[in-house]
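As written, the chains take the letters A, B, C and D, and residue 1 is the first residue of each chain.
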Amino acid sequence: MPSFEPRNPDYRAAATATFERQPAMRTLGISIARLEPGEVDLAMTYSAQFTQQNGFVHAGVITAGLDNACGIAAFTLMPPGADILTVEFKTNLLAPAKGERFIFRAHVVKPGRTLTVCEARAFAQAGGVESLVATMTGTLMTLMPRA
Amino acid sequence: MPSFEPRNPDYRAAATATFERQPAMRTLGISIARLEPGEVDLAMTYSAQFTQQNGFVHAGVITAGLDNACGIAAFTLMPPGADILTVEFKTNLLAPAKGERFIFRAHVVKPGRTLTVCEARAFAQAGGVESLVATMTGTLMTLMPRA
Amino acid sequence: MPSFEPRNPDYRAAATATFERQPAMRTLGISIARLEPGEVDLAMTYSAQFTQQNGFVHAGVITAGLDNACGIAAFTLMPPGADILTVEFKTNLLAPAKGERFIFRAHVVKPGRTLTVCEARAFAQAGGVESLVATMTGTLMTLMPRA
Amino acid sequence: MPSFEPRNPDYRAAATATFERQPAMRTLGISIARLEPGEVDLAMTYSAQFTQQNGFVHAGVITAGLDNACGIAAFTLMPPGADILTVEFKTNLLAPAKGERFIFRAHVVKPGRTLTVCEARAFAQAGGVESLVATMTGTLMTLMPRA
């Protein structure tokens, strides 16, 4: 993976602030575990209230984590003052989301002035073992305030 | 749209039961609004706790609604005893998810013995006006109990 | 489907010219069958040289037709002088692409200043019967020349 | 990346034979450059007849290469006698497909009895430099002959 040069020297504070302004992340129990230019890990503790009919975490909740990981990874490379929008994403669900804790690991594949493409993977941690449960490819858009 | 012949005469009860066994749907405030063979509408009331940084409903929550609409639409055409799994989906976010109430409208495009493809649209209702906010194409898998 | 107002009064000539400047379309034997604001049908005759191991048209060739249908549909709504770029697409293959002739039918779902989202379907025609073989959702980008 | 144990001891001959039975690959000038269990590189020489309006290789042709790379990578892990089908794929186009030669590099992310998920990347080679032009995530299906 290439390393990226952030255009915002305060990228860390800016990305963290954007993440924390999202009530949905608090409600879902998702937090930032690692943050580098173009890379982010989010973590989520298992909660029975977000499960589907077999007791696994719902695909939509896994997608919320993956999408946010992509968004924050893209955001670390955006200029000061930018806002961010998800254009689209695609998720493949590879295994039941069964575990005590979940990690959403995203990195930027291609940063751009308007569009940034990211990839992310969701891992379930259970009994000390980590397993891949889902992948995402997402397209994010940089929004700059009108001059 | 073609009309479909359900293979399970009790498809309505079976689909409703599968939907209601999902704690995530209760937590997110999503319920079944309409249910026909191969078609379903789900409804969700706006809740501030599931929003992103600009006060719109989080893309992951919209995706949870779309994915469940696809799943239940596919499930209405599955044989008795089947369980269902989402294989993958792709979501395009077309407009901010801003409204008092949201509708997730799914229909089966191609039912199959193993795989079923569905399409869904999310609409925001605000001040009596309904607007398209997101689309999904999803692939669902039929799981039959081992003989 | 909503009807769209083209921003380029010569949209028909502009879209046709863009289509015809693509050697790949000529090589694949794809031509414009219908063109309206935000909608296009392309047609392709079966050719054994573009088949896969079972004699069906290769998924990549079907995708080329779907992608071009999306692109031309989006292009009809773009302003004069615009160029167009495909950002991403997702294809579901629903049935073998087996037939004498293929139709790629696209329409704009959401036009935008920068991004336009389209949906397309591929149909195979065989013995007077038309059947759905693939779907696409695609995101297209408007490129304007620098002032 | 994990290493995979092929279930077919003759996976190399089987995968090569399946690839070579596709007239579309010959027509597009695509050949196998590397083949390992769960991994494949395909190569394609630039040809003006497969370009779009700006002289770059058409997105559908790039997709044909990516899809085939995914299919052959998945096929190397399938049991003897299997046939293979693409269920769906999603492509992000990251840069113009401009070059003398193109490489389509795929690997299996998750092999399965019925479904296998692969990722692939397309690279353009120009003047000794290789650059990423597109990504794919695809779902492939194993078809076994009826007993």
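Note that in this section a residue touches a chain if its C-beta (ideal position, glycine included) is under 8 Å from a C-beta of that chain, and two chains touch if they have at least 3 such contacts.
The structure presented is a predicted model; accordingly, all values stated were derived computationally and were not measured.
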item	value
Chains contacting each of chain A and chain B, listed by label	C, D
Chain whose average C-alpha position is farthest from chain D's own	B
Distance between the centres, which are taken as Cα means, of chain C and chain B, whole angstrom	28
Between chain D and chain C, distance of the C-alpha-averaged centres to the nearest whole Å	23
Cα-centroid distance, chain A relative to chain C, in whole angstrom	32
Junction residues of chain B - those touching two or more other chains	87-88, 90, 92, 139
Interface residues, chain D side, partner chain B - complex	87-88, 90, 114-115, 139, 141
Contact footprint of chain A on chain D as seen in their complex	90, 92, 94-95, 109-110, 117, 119, 132, 135, 137, 139
Touching residues (chain side chain D, partner chain C) in the complex	18, 21-24, 26-28, 48-54, 57-61, 63-68, 83, 85-93
